[in-house]
Amino acid sequence: MDLAFFIVFATIAVISAVNVVLQRHPIASALSLVGVMGAIALLYLQLGAEFLAMAQIIVYAGAVMVLFIFVIMLLNAGAEVRRGRSWTAQLLGIPALAVFTGLICWYFQRGFGNAGEVKFGGFTGGSAQGVGYALFTDYLLPFEVTSVLILVAIVGAIVLARKEMD
Amino acid sequence: MNLLDLLIAIPGIGFLLTLFIPRKQEQAIRMLTLGVSLLTFVLSLGLATGYRTGQPGQQFVSDTIWIANPEIHWHVGIDGLSLWLIILSTFLTPIAILVSWRYIQDRSKEFFAFLLLLEFGLVGVFSAWDLFLFYVFWEVVLVPMYFLIGIWGHDRRIYAAVKFFLYTMAGSVLMLAAIIFLYNRAGTFDYAAILSGIEGGKIMLSHGEETLLFLAFFIAFAIKVPLFPLHTWLPDAHVEAPTAGSLMLASVMLKMGTYGLVRFCLPMFPTAARENARWIVVLAIIGIVYGALVAMVQPNMKKLVAYSSVSHLGFVVLGIFSFTQMGLDGAVYQMLNHGISTGALFILVGFMYERRHSLEIADYGGVSTAAPWLATIFLITTLASIGLPMLNNFVGEFLVLQGTAQAHFSWTVFAALGVILSACYMLWMYQRVFFGELTEKVKHHMPDFSAREWACMIPLVIMMVWMGIYTQTFLPAVTEANVKILNQTGTNAPLRVSLPAAGGHGHAR
Amino acid sequence: MLAELAPANFAPSADDLLRFAPETILTVAGTLLMILDPLFAKKTPKLFGNLSILALLAAVAGTAGAYTVQGSAFSNLLVVDGFATFFRFLVLAIGILTVLASYRYLDLEKAETGEYHALILFAIVGQCLMVAANDLIMIFIGLEISSIATYILAGYLRDDKRNNEAALKYFLLGSFATAFLLYGVALIYGVTATTKLDEIRTVLNTPGNVPAFTMVSIAAALMFVGLAFKVSGAPFQVWTPDVYQGAPAPVAAFLATGPKAAAFAIFLRIFLTAFQQIASEWEPLIWISALLSMTIGNFAALTQDNLKRMLAYSSVAHAGYVLVALAARSEIGTAAAMFYLAAYALMNIGAFVVVIHLAGKGERHLRVSDLAGLGRRQPITAAMLTIFLLSLIGVPLTGGFFGKFYIFRAALESNLIWLTVLGLLNSAVAAYYYLRLLVVMYMHEPGDATNNLEPLTPGLRAALILPAIGTIILGVLPGFVLNFAQRSTIFGAR
Amino acid sequence: MQNLWLIPALPFLGFLINGLFGRKLPKFVINLVAVASVLLSFAWVMKVFMTAGDLGATPVTEHYFTWIKSGQFQVGWDFSVDKLTMIMLMIVTGIGSLIHIYSIGYMAHEEGYYRFFAYLNLFMFFMLNLVLGANYLILFVGWEGVGLCSYLLIGFYTFKQSATTAGNKAFIVNRIGDFGFSLAIFLIVVNFGTLDFTQVFSAAPGKPTGTLTAIALLLLVGACGKSAQIPLYVWLPDAMEGPTPVSALIHAATMVTAGVYMCTRSAVIFTHAPIAMETVAIIGLATAVFAATIGLAQNDIKKVFAYSTVSQLGYMFLGVGVGAFSAGIWHLMTHAFFKALLFLGAGSVIHACHGEQDMRHMGGLKKYAPWTCITLACASLAISGFPFTSGYFSKDAILSAAYGHAPWMYWVGVVTAGMTAFYVWRAFWMTFLGEYKGHGHPHESPWSMLAPLVVLAVLSIGGGFFFNVPHMLDSMFPVAEGVENMNLTYISVAFGIGGIALSYYMYVVNTQLPESIASAFGWLYKLIYNKYFIDEIYDATVVHPTIEGSRVLLWHGMDQGVIDGIVNGVGTQSKSIGGVLKLLQSGNIRSYATWVVLGAVALLVIMGVSALGFAAGVGR
Amino acid sequence: MPDALQMLNNGVPISWYLILSAVLFALGVAGFLFRRSIITVFMCIELMLNAVNLSFVTFSHQHKLVSGQIFTFFVMVVAAAEAAVGLAIILTVFRNRATLNIDEISSLKN
C-alpha cells in the first residue's frame, strides 16, 4: 500500500500545486495550497514524521494559511489584473524552469535512484518525543534562538502594520 | 631616521600641518608651505654633498619593516639615478609655490597643501627601494595632481583631470599586477633582492612571463612618460592645469615614467627589454618627430609646450632603449634638463597668462618691447629647450643621440630630425609672441618681471647654464648608476675607442 | 528508546554561555529597548541610540571575552574561533556606525527609534550567530533573523513608497533565494546525513564517497545561489540597486555592509570547510560570478545619477572583488577577503553617511549633482568623502587599496592571472564614477543642496570621522587587522 | 700657458656687462665696453701670435675642464691654436674690431643700442670659440652660438615681421645644416671614439673610405647650411634684414665662412674621401654661378652683395673641393676684407640715403660721399680680381687649382668672375654716378664709420699681397700642384675687366640697354629677378605641406581623431555597456526572479557537468 | 494486473519522494515567475519551502536520523515568521499603492 499511498497523495499534492499556480484568484490559490500542505502532511506520516505531520496541519495549513486568507480578505484582493508584464519572465522563465526541473530530477534519479525505499514504519524517530528530545538537547540553541526570530517577526509586523497613532 | 627619511617626512608633515591652519590665514599658509619646501630643498642638498661616488649600492639607506606579512619594507635609499631627480623635485616645489603665490586666491589652503603632498609623493617615488612602497608613492602622487588640475585649472579642467587620472590608473593597475606576480615569485618586494634573484637565477621567469611582466611595467611607465601613442592625456592635462600643476607635472611627474623604465624595466627584465627595444625605439622616434610636428601647429602656447614635452621625452626613451652608456646617461640627464627648461617654459607661460589672461599665441605680439626681461628669460629658456650648446638640453640630447648612433645609426638620423623641428616650433612661437608690432592690449597688460617672478626664474636660468656647461657636477653619479643598470641588462657595449694607432692602421668596423 | 537518545552532555557549560555572550547581550538589550520604547519614545528619542551603542560596545567586550575561550559550544553548533571573532567585531562595528549614522535621520523623519534600534540589534544578533555557526541550521536561523530584521528595516518608513517597494522586493526575492539555499542544504544533508560543517567535510574527505560528488556539487550550486544572492554577487545581484535605493539611507548603509559581511563569512566558511574537497569544482563558479559582479557593478554604475543606486552598484562590484579572493581558495585569499570586507565596510558606511547627511529630510537630495560644491561649503565632509572614495577606487594609503592589493595577491598566487588582470582593469573603470563624485564635489559650484546643507550633527560627524580614521589606519598600518585576519583563517574545524 | 680662454672671454665679459646693465649705462660706456673688449681680444691674439713660436710645428693646446664624460667617451673644453686658427683669429678679431668701431656711428640713433653691442660681443665670443675649439664639439658650440647671434641680429628690429621671419629662417635652415653636422659628429664618435681633432685626424687615414666619405658628406651638409651653399643658401639673402654692420661681420666676413673653415679643418677626412671632395667642388661651383646670376638682376644694394657673398663662398668651396685648402682660406681672408668693406660701404651709402636700400633711388653719391665712394671702388676692384688687388691673388689661386683639377671648372669659374665684376660694378655705377634720385639730402658718414672703411680699403687692395696665406699654411696644406700658366691668369683678369667695362657701358653710357635686355629676355629676367623662385618652391614643397600636414593629418587627424577618438570611444562604449546593463535592471520582481532562476540553471549545468567529469576522474 | 497491484504494495523509492519535492519546488518557482498577485507569489514561496521540507523529511527517513525533521521544524518556524512579516509588508505596500499587482511595483529601476 505504500506506493499506492504515495501515488495518491503525491498526485493530490501536484494537482493542488498546479492549481496554486494556475488560479487567478488568490483565495483559490490559498485553498489549493492548503491542499498541498495537507497532502504533504500525510506523506510526512508515511516518512515517519508524525510530529511534523501534525505541525504541518496545525501551524502551516492552519495558522499560516489562515493568516494569508485573512490578509486576502482584509485587502479585498480580487482576481489578478493583467497589467504590466515581464517579458523576461515569460521568454526566459519557461525554458529555464523546464531545464531546472529536468536537471534536478535527473540528478536525483541518478544520485538517489537506489538509495532505498520508504515504507510506513521504516523510521519512527519522528514522534513528538523524539523530536522534542532532540530539540531540547542537541538543538537547544537554535530552539532558543528561534524566539529571537519570532520576536523580530512580531516587532516587524507591529512596526509595519500599525497605523500612525497621532 | 636619516636624511632621506626626513626629506620624505617633512613635506608630509607640512601637508598635515597646513590642514590645521584656519583657511582664513592665507598668508600664513603660503609662508608655511614655502618654508617647508625650502627647508626640504636645503636639506636635500645634503644628499648631493653627502653622496659618495664610487661607493657600491645605494646610499642613505633606511630599511625598516612596515608591514610584517606580506613583508613590506620602508626601504628607501638613493643612487645616482634618484639623487638628482629627488633634488629636482625639492628644487621645483618652492618655485611652484612661489609661482602660485598670487595666482591662487581661491581655496589656497588646499592648493598649497596639495603641493606639499605632491612633493612627499615625488621624493618617495624616487627613493623607494621596495616595489610596494614604490607603487604606493606612485599612486599617492596621482591624487594631489588630480585635484590641482581639476580644481584650479582652466575651462576644460575636469575632462583633463579625469583623463589624466584614468589614463594613469589604467596603466598602473597592470603594474600592480606585475608587482604582485613578482612578489609571489620572489617572496619579497625588495628591489635589490629581486634584482639579485633574477641575476643569480634564483627567480626563474619563463620567456613569456618575463615579456608580460616587462610589458605590464612598461605600459604603466609609457603612459606616464608619455610615449606615443599613449600621450593624449598630456596636452589636455598641461593646458588645463594651473601653472604650478603644469610645472610639477612636466618637470617631475613625467620623469616618474622614465625613471621607472630605467630603474625597473631594464634591469629586472633584461631579455624582454632588449627584445622589445626595437618597436619601443620606433615609437620613441615617432614621438619625437610627431610631437614636434604637432607642437608646431598649436595655436595655444601651453599646448605647444606640452607637445614639445612629448617630443623631448621621446629622446629620453630613445636613450634608454639604446642600451648604451651614453644613451642612458643622456636620457637621465635629459630628464633633469627637461625638468628645468620645460618647467621654466610653463612658468613663463603662466606669468604671461596672469598678465594677459590668454594662452592663445594670437593674443600676443610685441611682448619683447613691453617686457624685455621677460622676453630675454623666455628666449634663454627657449634656446635651452631647443638644445643650444652651453645650455642644459644640448648635453642630454647629444648624449642620447650619440648613444643611439652607437647602437643603430639609422635611428639617429630620424631622431635628429626632432632637433630641427624643435627650433621650428619654438622660434616660430617666440616670434609670434614676442616680436612684431606691440598692440595696445598687450602694452597695457605686460609689465616686466616682479621681484617674486625674478626669484622664480633666476634659479632656473642658473641651472640651465650650470647644467649646460659644468656637467661634471651631475654626470658622475648618474654614470655610475647607469653602469650598474647596463651591467644588469648585460648590454654595456664598449665604445670603440681608436687612439692614434702606431702604424696608422685604425681597426676597421 | 530514551536511553538510546540520551546524549553524553548537553547542558551548556559556563564556557558555552560565554561563547554565546555577544548574542545574549544584544538580545537582552534589544528586548530592553522594546520595553523602554513606550515609556521614553516621545521624551528622549536619543536614548535608544545611546543604549544601543552601549549594548554594542558591551557586545564587543563580550566578543573579546568569548575569544578568550575559543572552541565549540552547544553541541558543536557554534564555534568561536578567530574567524568568527573577526566577523563578530566587524558586524558590531558596523552596527555602532549604523546607529551613529541614524540619529539625525530618524530625527528628521520622525520615525520610531525604539523598534528601529531593536531591529538593528536583532539583525546583528543574527549576523553574530551566522559567523560563529558551525551548523547549517544555525546558519539558516541566523541568516533568517538577520534577513527578517533587515526586510523590516528596509521598509521602515512605512508611508514612503520607495521604502515599501524596497522592502517588498527584498523580502520576496530574499525568501525566493533562501528557498534555493535551503534546497541545497537539504541535498547536502541527504548526501552526508549531517548539517555540521566539519562533519560534512569529514564525510566528503572519506574515500569511497565518489558517487556522492555529483550531488554535492549540485548542492553547492544551489547554496551558491542563496549565498551569492545575500552578498549580491552576479548574476544574483539584481535586487541590490533597487533595494539600496529604496531603503532608508542608514539602512542601506547597513545592508551594504553588515548582512553582506556576515553572508561572506558563511560563504567562506561553508565553501572552504564543508566544500573544500570539491574546491576545483566550484572555483569556476566563483570565477565567473566574480568577473560578472565586477563588470556589471562597475559598468552599470558609470551612468548612475542616484547616489544610493551608484553605491549599490559599487557594492556589487566590491562583492566581485571579495569573490576573487574566494576564488583563490587559499588561506591568503580568506585573509584577503576578511581584510577587504573590513576596509569595505568602513569606506562604504562612510560614503553612505555623507549621502545621509546630504540627502536631508525625505531624502530629497540624492542626485550626484547635489554634491556640487560640497568641497566649498563643508570642506571636512568633503574631505572625508574624498578619503572614502579614494579608498573605494583603491588608491594607496587607504584600506581599500591594501585590501585590493591583498586580494589580487591571493588571486595571483592561485594562478588566477586573467581574473586578476580583468579585475584590476575593472578597478580602473570604477575609478571613473568615483572620480565623478570628486569632480562634482570639488569642481562644480555649490548648488541648492549644498547651500542649504545643515552642519554635521555630532552623530554623523562621529560616523564620518571614525570610518575615515579606520580607512586610513587600514591603509597605513594594516598590520594589526591583517595579522588578526591571517591568524584567523584556520577554521575552527581544522 | 697662453691663456687662450681670454680671447673669447673678453667679448663675453663685454656681453655680460652690456647685456645685464646696458639699459642703465650711458652710451659711451657701452661703446667703451663693446669696442675695448674686442680690441683687447685682438691684442691678446697678437700677443699669442708673437709669443707662441712656431705654430706649425707645435700647436698650442689648452685644456680647461671636462665638459661631458660618459663611459669611455669624454669631451673637454679645450682650445688650441695652430696656424689656420691663428689666421682665422686675426681675421675675426681684426675685422670684428673694425666693425665694432663702425657700428658706434652706424647704430648711434637706433633703439636698443646696448642690445646690439651685447649681441655683437656675444657673437665674437662664439665665433672665437668656433675657431679655437680643439674638438668638434667645442667647434659645434661656437657653430650653434654664432647661429644664435645671427638669429638675434637679423631679427634685431623685432617689430619688423620680415626681419624676425628672416631670423627664424636663418636659424632653422642652419639647423638643417647642423643636423648633418651633428650626424657627422655622431659618426666620428662611433668610429673614432673621440672628437679631438688631433686624435681623429691621426686615426682617419686608417679608416675605410666609405666611412670617411659619409662623415665628410655630412660635414658638408653642415657647412652648406652655415656657409649658404646650395641647397641651403636661402637664408643668407633674407638675413640682410639685419643692421648692415651685422651683414658685414656675420653674413660676409666671418660667420658664413665657418663652413669653409670647418672643411679645411677636416681636410684630413676630406682628402681621404675623393667623392666628398668632388661633391664639395661641384656644390661650390654651382653655388658660385647660381648666386652670381641672381646677383645680376637685384636692385637692393644689400641683396646684390648678399648674393655676391653666396657666390664668393662658392668659390671658397671650389677651392676646398679641388684640394686647394690654403687657397680657399686665402680667399676667405681677402673676401673678409673686401666684402666687409662692400657691406660697410653699402651701410654708409644707406646711411647717406636715410635708410634707402634700393639702388634705383640712389645715384650721384660720388660728390656727397667721396670717401665712401673711393673705398667702395677699392673693394669693387678687389672682388673683380683686378690685378694685384687682394681678390686677384686668392681667386687666381683657386681658379688655377680648379684648372688643375678639371679645366671645365676653371671655365665656369672664370665666367662667374666676369659676372661678379659686372654686378658689383653695376651697383657701384648705379649708386655713385648719375643724378641723385632719392629723397632728402644725402650726406657723408661720420669718421667713426669712415675710418674702418679706409683700413679695410687698404687691406682690400694690399691684403693679398701682404698676407700670402698658402705660403703661411704650407706646412699644413701643401700647395696643390697649381698649373703655372699665366695665360689662365690673363683670361680671368680679362673676364673681370670685361665685366667692369660691360657694366659701365650698360649703366653709365647706354642706360636704356638694361631695360631693353630685360624686356627682350622677359621670362629669363623674371626668373633671375625672382631668384629662380627657390623660396617659393621650398615653401610649396616643404614648409607648407609640413605645416598643413601636421595640422590636418597629425593633430586633428591622428591626435584628436584617432587616438583621442579611441580613448574617448572606450569611455563612451563603457557607458553604453553600462546603459545596456542598466536595462536588465527593469525593476520588475518577476524578471529579477527569472534572472535568479537562470543563474541557478547555469550553475547547475556547469557544476553538474564538471562534477560528472570529476566523479569519473576520481572513479578511475 | 496482480503484478501492478503487487507493486503498489512495494515501498516507495526515495528518489520518487525527491522528484516529487523537485516538482513541487519547480511549481513554486513557476508560480513566482508567472503570477501577478503579490499574495499568490508569496504563497508560492511557501510552496517552495514545503517542497524543501519534504526532501528534508525524506532524507531524515533515509538516514534514519531525526535531525532532518528538526531542520524542517525550524523551517516551519521561519516560514511562519516570514509570513507574518511578509504579509505586513504587503499590507504597507497595498496601503500606499492600492494595488497588489507585482508588475506595478517597479518604480525603482535601472
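Labels for the chains are A, B, C, D and E, by order of writing; each one numbers its residues from 1.
As a convention for this text, contacts are C-beta pairs under 8 Å (C-beta built on N, C-alpha and C of every residue); 3 or more make two chains touch, one makes a residue touch a chain.
Just so it is clear, the structure is predicted and the values come from calculations on it, not from any experiment.
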### Summary
Touching both subunit A and subunit B we find C, D
### Comparison of B-D and C-D (more C-beta pairs in contact)
B-D
### Message
Please identify the chain with the largest separation between its CA centroid and the CA centroid of subunit B.
### Response
A
### Taking each chain's C-alpha mean as its centre, the one farthest from subunit D
A
### Query
In angstrom, rounded to a whole number, how far apart do the mean CA points of subunit A and subunit E lie?
4
## Note on the structure
Rounded to the nearest Å, the gap separating the Cα centres of subunit A and subunit C is 30
### Message
Report the inter-centroid distance (CA atoms only) between subunit D and subunit E in whole Å.
### Response
97
### Task
For subunit A and subunit D, let me know how many angstrom lie between their CA-based centres, rounded off.
100
### Task
Send over the residues of subunit A in touch with two or more other chains.
84, 86, 89, 93, 97, 100, 104, 107, 112, 130, 134, 138-139, 142, 146, 149, 152-153, 156, 159-160
### Query
What are the residue numbers in subunit C that touch two or more other chains?
137, 141, 144, 148, 151-152, 155, 158-159, 167-169, 172, 176, 190, 211, 214, 218, 241-242, 432
### Task
Indicate the residues of subunit B shared as contacts by at least two other chains.
none
### Message
Per the touch rule above, enumerate the chain pairs that touch, sorted by label.
### Response
A-C, A-D, A-E, B-C, B-D, C-D, C-E, D-E
### Task
Note which residues of subunit C are touching subunit A in the complex, please.
1-2, 5, 7, 10, 12, 20, 23, 27, 30-31, 34, 73-75, 77-78, 112, 115, 118-119, 122, 125-126, 129, 137-138, 141-142, 144-145, 148-149, 151-152, 155-156, 158-159, 167, 190-191, 211-212, 214-215, 218
### Task
Sort out for me which residues of subunit E touch subunit A in the complex.
7-20, 22-31, 33-37, 39-40, 42-44, 46-47, 50, 53-54, 57-58, 60-62, 64-67, 69-70, 72-74, 76-85, 87-92, 94, 100-101, 103-104, 106
### Task
Report the residues of subunit D in contact with subunit B in the complex, numbered from low to high.
23, 65-73, 137, 140-141, 144-145, 148, 151, 155, 158-159, 161, 164-165, 167-168, 171-172, 175-176, 178-179, 182-183, 185-187, 189-194, 198-199, 202-208, 211, 546-547, 549-551, 554-555, 558-559, 563-564, 567
### Task
Would you mind writing out the residues of subunit B in touch with subunit C in their complex?
23, 67-70, 107, 110, 132, 135-140, 142-143, 146-147, 150-151, 157-158, 161-162, 165-166, 169-170, 173-174, 176-177, 180-181, 183-184
## Note on the structure
Counting only contacts in the complex, subunit D reaches subunit C at residues 571, 574-575, 577-579, 581-582, 584-585, 587, 589, 592-593, 595-596, 598-600, 602-604, 606-608, 610-612, 614-615, 618-619
